[in-house]
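Below is one structure; the comments refer to it alone.
Think of it as A, B, C, D, E, F, G, H, I and J in the order they're written, each chain with its own count starting at 1.
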């Protein structure tokens, strides 16, 4: 058994039972983004969280233990994603990547926006011309230090 | 001459003269994100905008015409970016890609978040534990239609 | 169980029973292109459509649920397809890609032809020198917007 | 000197002079798709056509000869295109590739749709919900023969 | 079940029973090249041929049906083949590719040698300095047409 | 200076002067296939042959010396060729590769068909249904030896 | 069943029984290099050899037949090997490849060192500064021939 | 200026002057393998050796200094080499890689054959059936150590 | 059975039983780095060590034998790792690779830092600004030798 | 002009003048690792540092400005490095990557070792069995945070 098996069971049970990620997040008491990433095998739950997830998805004791093991991260099957929804994000990195780099450096100097001390919030924004997906990304700026 | 030559001249002049993207954007009258992307060869300016950009960066008539030609987009030299700042964005797509997909579909159904009818806003958020980079992405949801 | 399992069962049953995609489309009440793409794991059916598909291909309740889950899209095993029929389409993108880009931009300005708000119609065109495959692609033009 | 040099000169002159592909096609007397592909280094002109193109773009005698040499085809810099407009076409091949294969085989049997005995027509279709790009692809069906 | 399963069964049975491709071809009444390609999952048999193949390799009814379904073609596991015999053919394309292109264009003009309206004949040519493999490839020339 | 410079000069001069490969081969006294491959930088000429080639293409003394240096072989810019004429040959290796392997082994046992002790002959075969390209490949069979 | 299954069984039995390749080679009566390559699925045994191998590794009749079928060669999982011992050989080809090419051509002219009419001998060479691995490679020189 | 420039000048001068690597090696007083590798930009010369090389190839003072700088090693343009002579070596690693690994481990245990404390000797071995290239590789065995 | 099966069983048992690598290392009597690498299928244990490991992880006799077989090394699923923790190490090689090369050559001359005669020590370094991971790598310098 | 031009000039001047990185670092007043990385185009200098570097390497005013611009990082030409010294570091990541991940997570929980808040120290460690390269890497541990 490994974490991928647990992830597949969670997804399979979600479809069979008609569970929503938002409900899972509410029960766990964390954001829907972090909770979903954890259920998809990208984050590590503590014992209490694993117990809640385990009850929702009918996981065995051993499967609940796997939720508490740090996983090998990376959720996509190819370096350039083929799924159109995910590809658009890759396209944003491709088209705007140099722009993002320039503007963060202009404001902060040399360093990066952390993807670890990081949060994400995805919301629907109603719009008469067609609703929009609004995403707020927040990452701590980490400066390169001289030594 | 091609658009890449113009982009290189803009960057080179920017360094030599010490110009800031934010100043350029203010003169052009557009967001700093869109303006920078345009100067980096990813967007198309109209004649009036090209004239402003041309004055800022000492461009010739022919170079100003190239700013009005739709460029071949894609600003990164490799499919997986090597620069740490840009890589973190690629990492977000890799680690959170399946999460983003799940949550947008849960809210909107099958479709994508547009990278064309799209805007981006990058801001500093002050924080006593270390300032953060806040980015708001807004893209129209485009549903797959049956036919 | 996942969507790929359902797709494989559909294909396997199609061969065993001698079903035609056109018949499936007629029963579902949609174009043969969209219906086939859905059966091949690229589109999402609603409950009523899934019930019809499920009856045609003897799917279980759980399999019918999977037809209603948005799939991870991308139907080819390699970035450059090896199958000659599909390769010819890739070749068209390779040889004519820059032409398509030039002509759409000449007519519409900067933007893209949507692959989401999109339809496709494949027809036989009789021709004494050898029948032809005629394909009509129709995609909404989406302009890049300034912000 | 090689064909790529000639293509770059044509594009460069087109921008400097503000020429449109449609005008070029009318002077050459061929479709805008084929003419543009030829000017972009993908097709071979005969002497008379090369003379017309040469006059439009101020080509030398040697450059006009290169237009009559069969080029090494393929107009994109990477196997998976990064430009969003061209990528959408690659995405259509990726998402719909297996569908196209199934439906052409269902109608015609084993074989391919030719990309050589082939034509393409790109048109604007007005639509109150947003104009559409309509593309008609026509390729002779070539059956695999037994021997 | 899919076509790959049928191909593997055919190969496995061939080894177990000591069948030769030439014998199979004689029974089917086609060339050994086409017949072998079909048995290896690259070509489509009709019902009568599938019955003969089915009897030789002890195939079930369902397996015989799969022989009549157009397969996803491409018989090699990697883009650059590792097997030395097959690699030598890839090497011929690499070393002589530009030569083949030049000479076919010199004789025929712009177009291709078809790999669909195509036949291949592999024969032993006795030679005192060591026997040779002689291969005759015959493909219809397909000219690019202007439109 | 290197061999690639010489190859480019040969091709450039060929276009400027309207030389045909067949004429070059006749003057050199070798097949058109070997001669063309040599001129395209894939084979090594001796001094007498280099002198003939040098006269035809106006080469300097140093350039003639380069024709006598064994080149780094491989004439294509990408592992999977994008040019349609050359791709068809790659497709033949992909689709028929396993077939070629099976039939040569069935006839000769384990070993390869040499691409070094090798010749190629490309001819037009007239055909009322459309002329064909006929290619004869002849390579010595080299058996794996036990030791 | 296929050759890979037989190779895996041989390796698995070797570990379980503690067999050494050198012993296998002695019983088969061939070099340890060729014998090991054959057991690892890269060479073809004759019936008598397969019987000996079969007895050593407890192979069934069908498995012994597979040893007599020419395998699809190539023993490494990636184009650039990750295992440090094998990588060092790849590194030798990378660092010394151009040197090997220059020196063989200086001595023999244009052609190759055969990897088919080839043998390899790996021996320990005792050395007070640390024992060395000595490898002798012997391949027939095959000259390119003009035609 | 960089080391690649120096390498290209050495090769270019070698062709122009008709120098042989063996002569260079004799003057430098090292093996022809090491000397050639150094001239091809893979090894580092000391000042005295650089002076000799510099005289042979008419190098400037600055170019002689570059010969004494440790180069970025790797002499091939692609991960899988296209040149047939060099490819055969890559093929040996591919086909015999697992065999080499097994036999070195059987004799020495876990560790590698060094490519640094390493020498290579390439010789012609006369043979009535066709002369052979004999290569002796000698590398120190380096055992993995426990800690 | 192969080594990968044993590695998976070890990891699976570790999670089920809640074992820590540090404990395993203490029982084996080696560093935690070497012991963990061995348990993850990268190093070779001797019989006594395999017995200890076998008892900890409930391994069968055959599985204990596999621990004593030199494994095919390389512990990552892709050439560029997707897991953020491991990627940061890859990034260090990418960003600092040329620096490491320059400084080791400046100090030692041409050669490498061994990854075989090598040890690694990973420790927590307490720091009020946030604890740090301290890693000491120690590798023997191996000079290139002239011959 | 761009940063790569400046880097090349620095390296070229370093060779011509025989400068050592350690001397540069002493004049700049930073570690030799950070200083070298900066000179090789991976780090950003402030104005005072750029002036010192500029004096050492005879840089123009514009070149000194480029030293103060954040560069696009990544110092290697290929994803898998070919240079043996740098490859050994890649090999350490490949062989020990999963071990490093396990041990850091065992000590710190889920998170990464920073490559930004990071320092490196490379030293010679004398050893009678052959001197060693000792490298100390120190990176802040950054925990994944829940939100």
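Descriptive notes on the structure:
To be clear about the criterion, a contact is a pair of C-beta atoms (placed from the backbone, for glycine too) under 8 Å apart; a residue touches a chain by one contact, two chains touch by 3 or more.
All values derive from a computational prediction rather than experimental measurement.
Shared contact partners of chain F and chain I, listed by label, are G, H. Among the remaining chains, those touching chain A as well as chain I are B, J. Over half of the residue numbers found at the chain F and chain G interface occur in both copies, marking it as a same-residue contact. With centres set at the average Cα position, the gap from chain A to chain D is 41 Å.
In whole angstrom, the spacing between the mean C-alpha positions of chain B and chain E is 49. In whole angstrom, the spacing between the mean C-alpha positions of chain B and chain C is 31.
For chain C, the set of residues touching two or more other chains reads 33, 72-74, 76, 79-80, 82-84, 91, 94-95, 101, 105, 111-112, 114-116, 118, 142.
A complete list of chain pairs in contact reads A-B, A-C, A-D, A-I, A-J, B-C, B-D, B-I, B-J, C-D, C-E, C-F, D-E, D-F, E-F, E-G, E-H, F-G, F-H, G-H, G-I, G-J, H-I, H-J, I-J. Contact residues of chain I toward chain J in the complex are 20-22, 32-33, 36-37, 40, 42, 73-76, 79-81, 83-86, 88-108, 111-115, 117-118, 120, 122, 124-125, 127, 129-142. Across the complex, chain A meets chain I through its residues 1-2, 62, 65-66, 69, 72-74, 76, 79, 115-116. For chain H in complex with chain E, the touching residues are 80, 82, 84, 87, 91, 94-95.
Taken in their complex, chain C has these residues touching chain B: 30-31, 33-34, 43-44, 70, 72, 101, 105, 109-112, 114, 116-119, 142-147.
For chain F in complex with chain D, the residues that touch the partner chain are 8, 11-12, 15-16, 18, 77-78, 80, 82-84.
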